[in-house]
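Two complexes follow with chain A in common, the first pairing it with chain B and the second with chain C.
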Partner chain A sequence: MAGQVATGSRSGLRSALPLLLPAYLWLTVAIFLPLSAMVFFSFMTELPLSGKAWFFTLENYATFFSQGLYLTLLLASLRLGLEVTLWCVVIGYPAAYVLAKVLKGRSREAIFLLVILPFWSNGLVRIFSWAMVLREGGILDTALNAVLPFKINIDLMYSYPAVIIGLVHSYVPYMVLTCYLTLQAIDDSLIEAGRSLGASRLQMLKRVIIPLSMPGLVAGAALIFVPVVGSFMEPRILGGRTGTFYGTVIEDQFVAVFNWPLGAALSFILLAVVLVILALASPVLKRAA
Partner chain B sequence: MAGVQVSNLSRSFGAHKALDDVSIDFADGGFYALLGPSGSGKTTLLRQIAGFDFPDSGRIAIGGESVERVPVEKRRIGMVFQNYALFPNMSVADNVAFGLSVRGEAKATIASEVQRALDLVQLGQLGGRRPHQLSGGQRQRVALARAIVTKPRVLLLDEPLGALDKALRIDMQIELKRIQREIGITTIFVTHDQEEALTMSDRIGILRGGRLVQEGPPEDIYDRPKSEFAATFLGDANILRGETTGTGIRLADGTAIAAKAGASFAAGTKASCAVRPERIRIAADSGSPDHLNGNVLKGQVSKRIFAGNNSTYFVDRDGQTIKVIVQNTGMEKLAEGQEVVLRWSPESTVLIAGN
Partner chain C sequence: MCMPKLTAFLTATAVFASALTLTARADEVHVLNWKGYGADEPWAIAAFEKATGNKVVNDFFNSEQEMLTKLRTNPGLYDVVMINAAFNNQAMAEKLIQPIDVSKIPNYADISPDKANSPMLARDGKVYGVPWVWGLTALAINEKAFETPPTSIAEMWDPAHKGRVTIRDDAVEAVQFGAIATGQNINDIKDMEAVKAKLTSLIPQIKTFWSSENDWNQMVASNQINIGTYWSGSADRAKTHFKLPVSLVIPQEGAVAWLDAFSIPVGSKNVAGAEAFINYMIDPGFYVEWVTKVGAPVSANTKAVAALPEDAFNRKVMGDPAVAKRIQFQAPITDAQREAYLALWQELKVNVK
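Here is the complex of A and B:
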């Protein structure tokens, strides 16, 4: 029995190989090679391209631990990732629910398009649009002052909330899409069965719908948390002086200071921390799912 | 427990009338089958009673209480779905416990009620399993246990046995009937399967195009159908068409057919007679006529299908094929192509309005 299954899956793998090969080749060339180069760099004193003498060192990794600033920034970035992920759940999940279970036909298509529109717009355009909205005398400020009877000053520009808003806007489509897919797969008759048994909508949500859509929530959270922790564009443009995060520091090493070895080392520390967090979270999330 | 009264219920989807002025009285504790072809409105009617959908007009009362605008979670009904609709994230016991636990019953009460319900459907040992670890028949039992454990006023089932194979279906029919008797719950059962409707229910309602065509006890509908549709949809029937004579009809070739069952019509209008295939006697010679087989037709056997305990003969006469079912007593052996005489009694002949 077991042998049969094994041979079955092995021949399945063999026939799938031609299909998998292009993807693996691409991954090797486009990701694995540059990544290996980065690992290599992270253990060097100097970039070999600069022509100076270089040798192997652990100095770059040691820097992270010797200077408290990096740890502080990493913690700030992790907090940012957590907050953005939570906001994406709070905003994205209800939207996904409405899309999957309430809207039908044409209106569903239209709203769907609206939700994933940020996906298709250029990241920079998106961020600068937010800058126009959030700054003092900007769109939000003007609009609120037009309807409110008293004068208020809205200047969210260059603040932590601005960074959150920008990031949530960029990443919420991931949450909507992953949750939409799992919610879509929940048979409507399950919801009807629950209601016929006397469950209120809230009880249905808590006991059936959320548990069944947990895989989508987890996938969405992972897709958002990881890049947000390392993000630098939104913090830099919308955060201004307050927008110094772990990601912006790494970016600085690459584009401003030209200390690629330190930048690479900081990146790998981030990668390790994120992987550890995901590994620690996975049994908890699996149990919930 | 309670009866259900549906009066003048209508529900349209766009221009399509899915239910058109339907009135049925579902007796307290009765087992009622809703039968009809696909798209006839069976599910729509059941969903109105359950409260998943609301009628455009008409009344629904459960136990005398008007419920048209009461949402499903407040109606205290039990529903069993064709695809079982068990919660995949819960064990069998938790599925069954769901209705009690959302009500906030005490843990100990829930546990004993769940065990009772699982024992009733003979799944007492399987409470710890997940739905995907059960067979189709077992899942349907769990769905049933889950629906009845809350002691609903009405049990609604939408083709609950549709996904099961024939043998399992018959087991489940017996099982379902036993459970229904044991708890005495008013049951409304939607089915495609006329045999299922005949054997299980104490009343049947036949729907067609959103209208109630006929309703009553199975024997009544079978023996006295009021329309050609009812006659041919529930069981098999030979339809003979002609003009009424007052006590029967006259066929196009002048043959008179006497009918003692069904309505009576003014002479001269168009009408039909329905005769069940098993009520007709077939013989090679004409024999002696008597009052028990007063209707006589001559024809020729065009086909014989042997099915073990019975045979079906197809007899051609005057451009029409008449179906006759004969029990295998070892006596009748008629060859294809043979001239035969068909006889049956006027009591077995139902006069219905022509169409």
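Here is the complex of A and C:
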């Protein structure tokens, strides 16, 4: 019996190999090799490209701990990641619920299209269009002043809220899509059963719908939190002088001073911190799911 | 069973991809420069191609570091590269650029001797860069915000402009600007604490940092800023080409001057074409058209500047001996200095958040 299972799984692996190979070959070439090169760089004093002598060192990692600057920025970026994820849940989850359980047929398709639409445009274009909307004398300011009887001054551009708005807009579709998939999979008869047993709407939500859609919420949160913590384009363009975050500092090391070793070390510290957070969160989330 | 085929396929893809990116035809001149900075003007390219039969292929960089990286990672691709003189030595030391035979560049004879003989470009009797244009990192104002143009750099700190000031997000420029504001030599900053304190008090004034000409011009067009650091050529372009209410101010305390030069990368496949292109770029005919149509910094070619109308900004103001006395030319900066400047700049930006 045990032997049978073993041969069965081995032959399964053998027949699966041709199917797996392209993906793993691609991952090896496109992700594993550059990432290993970056690990290697992060322990070097100089980049070999620059033609100078180099040797191995831990100094790049020590820099992170010796200067309070990097820790402050990392905390600011983590906070940004949390806030953006939270807003994505608040905005994305109800939308996903309506898409999965309320709308049917054509209207669902139309609304779904509207959710995915931002994905079809370039990220930079989206950010610059926000710049036009948010600035003083911009679209939002002009429109509100045209409608409202009193004069208000809206200049959100180059501020922390502007960064949040831009990032939430960029990432909310992930939350809608992941939650939609799990919400749609909930059997309607479960909801009907709950109702017939006398559960209120709030109880239904708390006891049935949220627990059953938790995997989607968790996946969406992880998909959003990780890239937002490392984001640099949105903070730089929308944040103005408040737009310095951990991601922009890493970008500076690569682009402005050609200090790839320090940039790589900072990136791996971020990676480690994110992994630790996800690892700490996973038992809690698993229990909830 | 399919491994050899797969290997062959992957090799073919790789060869095809590299052939697409790296082939340089013999009659092509690959130019690496800032975007929108003279060498990519369509009328100029058309005139050059017609005159010499070479085809110009432009590529761009967004920072000096990116330019150096592109040279390092694409040996043999570029024929002409535009390098700020302060970076020329580094490019030469890394063997990225080769000596230029200036006898093949007829217009070289008209370049003002102080620029041509700059120790940043000519070393051991060899020329590694042909001076093209020079300009200033000074102040520019939104004319709508001033009745009379300011004369002092202190205007940036005036509480009246709070939240309407901009400065470039560049550590070296910021630190050198701070050096001028504290009356120091930009190439030998003795009192870094004073620079730091001066810049710290500037940050609350700032609306946002700019990184490209487009940022600056858009902020003026939407009337979001009053004053900020700007490049002289860009201010001229904003006024001439984009008709914006921008004018350049060279503060009495001084300004940072830079010199841009053309070099030929090691491994260039079309050196003759590169020489012809550089010669065209420093030609008075091209320069006058560039200034008139688009707006430009000051040519290093004395005959080109002399060909401008007498009241032209680049001739009258930039050529004024009083201005020449208070500007400071940027000298090369070591990697250690650059990293120290960046650390200071990042700290400033974080502390005021």
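Simple rule for what comes next: the second predicted complex is superposed on the first by the 281 of 289 C-alpha atoms of A that agree within 3 Å, B and C clash if a C-alpha of one lies under 4 Å from a C-alpha of the other, contacts with A are read in each partner's own complex, and residues count from 1 in each chain.
Operating definition for what follows: a residue touches a chain if its C-beta (ideal position, glycine included) is under 8 Å from a C-beta of that chain, and two chains touch if they have at least 3 such contacts.
Nothing here was measured: the structure is a model prediction, and the numbers come from that model.
Following the overlay on chain A, a side-by-side fit with no clash is recorded for the pair chain B and chain C. Look at A:255: by the touch rule set out above, it reaches chain C but stays clear of chain B. Here the apex is the CA centre of chain A, and the angle it makes with the centres of chain B and chain C after alignment on chain A is 150°, in steps of 10. In the superposition on chain A, A:211 makes contact with chain B only, while chain C stays out of contact range.
In the superposed model, A:286 makes contact with neither chain B nor chain C. With both structures placed on the common chain, the touch criterion links A:136 to chain C but leaves chain B unconnected. Of the two partner chains, chain B is the only one touched by A:197; chain C is not. Measured by the number of chain A residues touched, the leading partner among chain B and chain C is C. In the superposition on chain A, contact of A:79 is made with neither chain B nor chain C. Within the superposed three-chain model, A:189 lies in touch with chain B and out of touch with chain C [touch as defined at top].
Closest contact between chain B and chain C, by C-alpha atoms in the overlaid model: 44 Å.
Common to the chain B and chain C contact sets on chain A is no residue at all.
Per the touch definition, chain C reaches chain A in the complex via residues 2, 62-63, 65-66, 68-69, 72-73, 93-95, 169-171, 203, 206-209, 211, 222-224, 335, 338-339, 342-343, 346-347, 349-350, 352-353.
Across the complex, chain B meets chain A through its residues 50, 52, 71-74, 76-79, 81, 83, 85-89, 98-99, 102-103, 143, 146-147, 150. The residues of chain A lying in touch with chain B in their complex are 187, 189-190, 192-200, 203, 207-208, 211-212. Chain contact summary for the complex, chain A toward chain C: residues 18, 49-51, 67, 69, 72-73, 76, 135-138, 157-158, 236, 240-244, 249, 252, 255-259.
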